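Heads up, the next two complexes both have chain A, just with different partners, chain B and then chain C.
For the complex of A and B:
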């Protein structure tokens, strides 16, 4: 008995229990992270796999072609007590324009047979989502399409050619017409600016005439280019594919609407893997289609990363300067303590409050004033007087400045006092000491602040919704036209994309995997940004270790 | 004075509909077969000299539709920039007043307070363009056997005021005639958040401005209402018909008890037998006697074109008919 109580005593004193307790904390958080990642990946990554297309024959002799995407036990039938509970399956049948809905539930009891014929094709379209059926080549004469000779390889060649054509059309649209329109817009704004000038002399009149001539020339160019575009479009519409649906109906598919065709049932595992990688790449690098529920998310990735960088540029000098003053220059006393408390409290203010502040101060007050002073020619269309990437970044900079101040202060206080005293003792001024001794030593701490700030900023959505994030931004904030970085443009953001596609898209069943994938990409972006900062910090630490001591 | 279509306009719609009613209409499926019906809508013709940026801030119900229009419009004018923001109908009036947007899509008409605020700033009221028709559907889980509901029933389900005069509160499916495991199952209610125009419309028309019950689970988007109901066997909620999925079923409605239940189809919406329908609007700042800026003018022209109204179908809403389109096209010019 005595031995046992001694054992217990040792156990308590040794702190074994505490080790277990703390370790279980770590285990639990790891488990939660792993669980969440698994959930996201299972739900998201599967959608790019070219799964088997099934042809289901129902007892009513109706044919259904689709992809099996889920199953469940029919609840009522189980309750009535027939023993084995019957199942029902959810099929993605596509062809939303024909059937009205992209998904369909089929009761197991209604199914007569299931087959997977090799000639079933899956078509990715620009509009109306995917289509499943059998494909043949047709010719378009007038409005009717008649089937003609054509094998699968001709279909593939046709689609390939149509895609090349589309790339040319896109090049024409984006680059050439884009450049012309940009110049027209510039000239138009220059004219408006001229008209706003207070005194109108002969010089102004001549300048105006020159601009009008310029616009006329550019508009002629524009007309010529659009004509070329129309010709290309006409070329694209020459041939059509014929899609035979599960109900036997044949519908023409014009080639300029077709993005890709495949026969998943005839593909080997290697081909499927290649298709998977291809689809994944399309998702990461592509533009969104169909009101964001299809296509890629590149603009959102780009917007997120650029916004975080701009925020970093704004928050770092600001936060570090504030911390240096608080720690090095300010007389430590009740006032400084009060400031510190205020800064810490700022970190706890809900982000939406920052958003409202950003909207009122940056967008309406600051942006409105900038518009009146610098861009009067564009009014009433706002330039900076509406949400944009600059205002969103600055709002997030405000949001994250406490994190940077606190981390920098920690870094500064960790610099041994000997360094300061040594430096001052050797005749350096206070500024030189801070500049050459203290700040380099505190750099790892400062970078920790940066890492925390970036992680916080990348995941924040609420304030952005008020200050410049949009569902669809037509152009990236960075392009080849002067001044290259367009701070006034609105932008897309991964976090907002998740919210928007998940809660607002009408075809929410089809959009669900997109939401999971976007989440995965957002997490990856945050991890990559953090890794970059951590690597930078480690390099600086090494440099500091060799040079400063 | 809200720009709600008058009874004359509605009557006109019905009359025109009767003339044009030649096709069986399954909501989204009629894109391919709608030539007869859309004959009155004109195809869009490109004009020159359109460039610049359009900002649109407003309804989230219209968010997707505006995006689809933007995609289509940009096919005509490749370098026009359209930025679409949709946080709820209530965000449109301030954006128009502050001039941060040229288009203010709204899924309800402006309240008189909003119009007053606009008039104070500009001296004239904003102009409303009805651009699509939305039927508000009551969604239930796909397993729900319900045959139909009357508007007083809907009121009794969602409201604690019961202004339509239903005698008792409805809280269990058994009260609506369900048997089996349904009889005692509590009804779980889904709705929208109060910034949404859908919320406002439903409150006004289905509840006669009565109060919602506290049990209504307010969702941030129409899609999440539908998602919630497809997971919740005993759920019911309201959303635009465009949001339907395979996991839910739309409940046929009747205006009063004794009337037949009608499905929320395009036909029933346009002849007025389906009780819960509304126009979706785009509000613009149009000074009287002055033309709209070319880019906004062309965008609205595109919206009322054949192409624009086929985008409406693609998003699951119903297109406006040709006569209405002509009337508002005249207003644009």
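For the complex of A and C:
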């Protein structure tokens, strides 16, 4: 008996249970992370796979063409039923413009047969989402199918040609007309600035005439380019495909509305894989379409990364300098302690508060003043007096500066005092010691601060909504017109994109995979940014590693 | 065992007038003249406080040019504090203050007109724990000269080689000057710190227990080095190893609880100490 109680006592004292408890804590966290990532990846990455198109024949002889996206037990039937619970399937039938809704539930009991004919085609369109059906080449008036057999290769050629044409149209629209518009705007602003000058002499009048002439010439260019554009558009709209829907109805499909056609049922596995990679790349590199529910998210990725970089540029010098003063120069006393407490508390302030501050201080106060001083010719249109990537970055810099200060201070205090004494003993001043010995040694700690700041900034959305993020930005903040980096422009952000696509879009159901995919990309962007900083820190750690002696 | 400050103050002038005898073992090329035993550093009636705690009481002594002076005593007796007063390293400690004079070549180093970085350039220091910077061997040695305006590659190379040779490290590291100094052994690191101190061409080198973390072989090398160094520099060394003090020093001071108990020729102190406490400490009956 005594032996057993001793065994029990040894068991409790040994802490075996504690090891299990702590380990299960780690396991639970890992499980949560893994589960979240799996959920996001399965839901997000699946949408790019060109899945089989099914043709379902119902008992009512109705035909349905679509993609199977889900199944469930019919809720009421399961309760009152005879034991066998009937299923129902959810199909994405597309053709929102024709059928009114993109999805359709079909009860298992209603199905007579399911087939997957090879000639079913999936069409990606510029509007109204995807369309499924059979495709043939239409005649000029777009009503009847042309009789020629073996039309699929003709269709593919036509779509390819249409895409080339569209690229030319986009080039005209964006680059050429964009350039002309930019120059007209510059000339117009120059005229405004001239008009605002206090003294008006013959020189000014001369200059003004010159500008008016230039605007006239540019407007003539503009008209000519628009005409060319119209011609191209007409050419693109000339050829028509004919889509035969599941209900037997044929609808014309203007080629300038078609982005891609495919016959997933006729594809080999290799072709499908290639299509998958292609779709994924389109998503990452493309521009959004249809209120962000389709197309790509490149502007949002670009905006997020650029914003984080600008934030880093702003926060690092500021935070590091503050930390150096607090740790190295300031007399350690109650005042410095108070400042430290204040800085730490700043890290706990809700981010929307920073957003409000950014809006009031940066956008209205600072931006408004800048506009009055530097851009009076553009008023009442604001240049910096409205949300923009600069103000958003500065607001986030403010939000993350406590993190940088705290981490840098830790790094500075971790530098062995021996190094300080060694440097000072050689006749170095305090400044030289900080610059040549202490800061290099504290660099890993400083970079830790950078990593934490970047992770926090990339995931923050609320303050951005007040200071410069928009649903759809007309142009990237970086382009080929001087001064190349346009800090005053509004931008898109992955975090806001998730919210917008998921909860503000007209077609929530179809946008769901987009939400998961955008989430995955946001996580990837944050991980990549962090990885870059971690690698940099490890390289420096190796260089400044203190010996074990 | 109360200490009479007057007794200890009386020892100081006695030492300064002592003629240079009993050093036949070591050649002294720099001091050709018989009367050249000049005072490099004089400490006069120095009191030193860390905050409210007084750690040095009326210390007075003279360090002769081109000699090795050792400070011995038990831990916390103030020997390191005195050493750090000699190049004002104690300025870095908050709440440190002093009374009395410390003279380098007859000039008070605590005078407001003294530039403290110039002083530390003239009076270099080697610390208890070897503290090479996490840079390459070359950059460690070149650190001081670069700060003081030597940026020419050729003269830097020369200076680095000369300093490493002076510290007896050149042959061991000449093929890996660009490698990290942290890859050196403990003894090599300490000699690198000496080379680093030599590179700014000081006049005095202060060593604060330079061998306390080293094995006997590395210690022997450093002691040999100290013998060589005193031909060119004036050396002051703090050690709690009495054999080491006996081996390397010309003069020796025994400290106890912030007071200089006895100061004089090393041979005299170790053979015929005048104070009972010195004798107790040296013979190991105390400490």
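The definition used in the following text is that the second predicted complex is superposed on the first by the 517 of 549 C-alpha atoms of A that agree within 3 Å, B and C clash if a C-alpha of one lies under 4 Å from a C-alpha of the other, contacts with A are read in each partner's own complex, and residues count from 1 in each chain.
Going forward, contacts are C-beta pairs under 8 Å (C-beta built on N, C-alpha and C of every residue); 3 or more make two chains touch, one makes a residue touch a chain.
Note that the structure is predicted; figures quoted are calculated from it, not measured.
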Clash or fit (per the criteria above) of chain B with chain C on chain A: fit
Touching partner for A:416 - first (chain B), second (chain C), both, neither: second
Chain B versus chain C as contact partner of A:173, first or second or both or neither: first
Partner chain in contact with A:456 - chain B first, chain C second, else both or neither: neither
Touch count on chain A, higher of chain B and chain C: B
Which of chain B and chain C A:223 touches, first, second, both or neither: first
Vertex chain A; arms to chain B and chain C (CA centroids, nearest 10 degrees): 140
Partner chain(s) touched by A:386 [first = chain B, second = chain C, both, neither]: first
Contacts of A:183 with chain B and chain C, given as first, second, both or neither: neither
Nearest-approach distance, in Å, of chain C Cα atoms to those of chain B in the combined model: 52
Residues on chain A lying within both footprints (that of chain B and that of chain C): none
Sites on chain A touched by chain B in the complex: 74-76, 79-80, 90, 96-105, 127-128, 173-174, 177-178, 180-182, 184-185, 188, 219, 222-223, 226, 229, 251, 289-292, 363-364, 368, 379-382, 385-387, 465, 469-475, 489-490, 499-500, 502-509, 511
Of chain A, residues touching chain C in the complex: 416, 418-429, 432, 436-437, 440-441, 543-547, 549
Chain B residues touching chain A - in the complex, by the definition given at the top: 26-29, 31-32, 46, 48-49, 51-53, 55, 60, 63-65, 67-68, 70-71, 74, 78-87, 98-102, 142-143, 180-181, 219-224, 226-227, 233, 240, 242-247, 293, 314-316
Contact set on chain C toward chain A in their complex: 87, 89, 92, 117-118, 120-121, 124-125, 127, 129-134, 143-144, 147-148, 180, 182-183, 186, 189, 193, 196-197, 200, 213
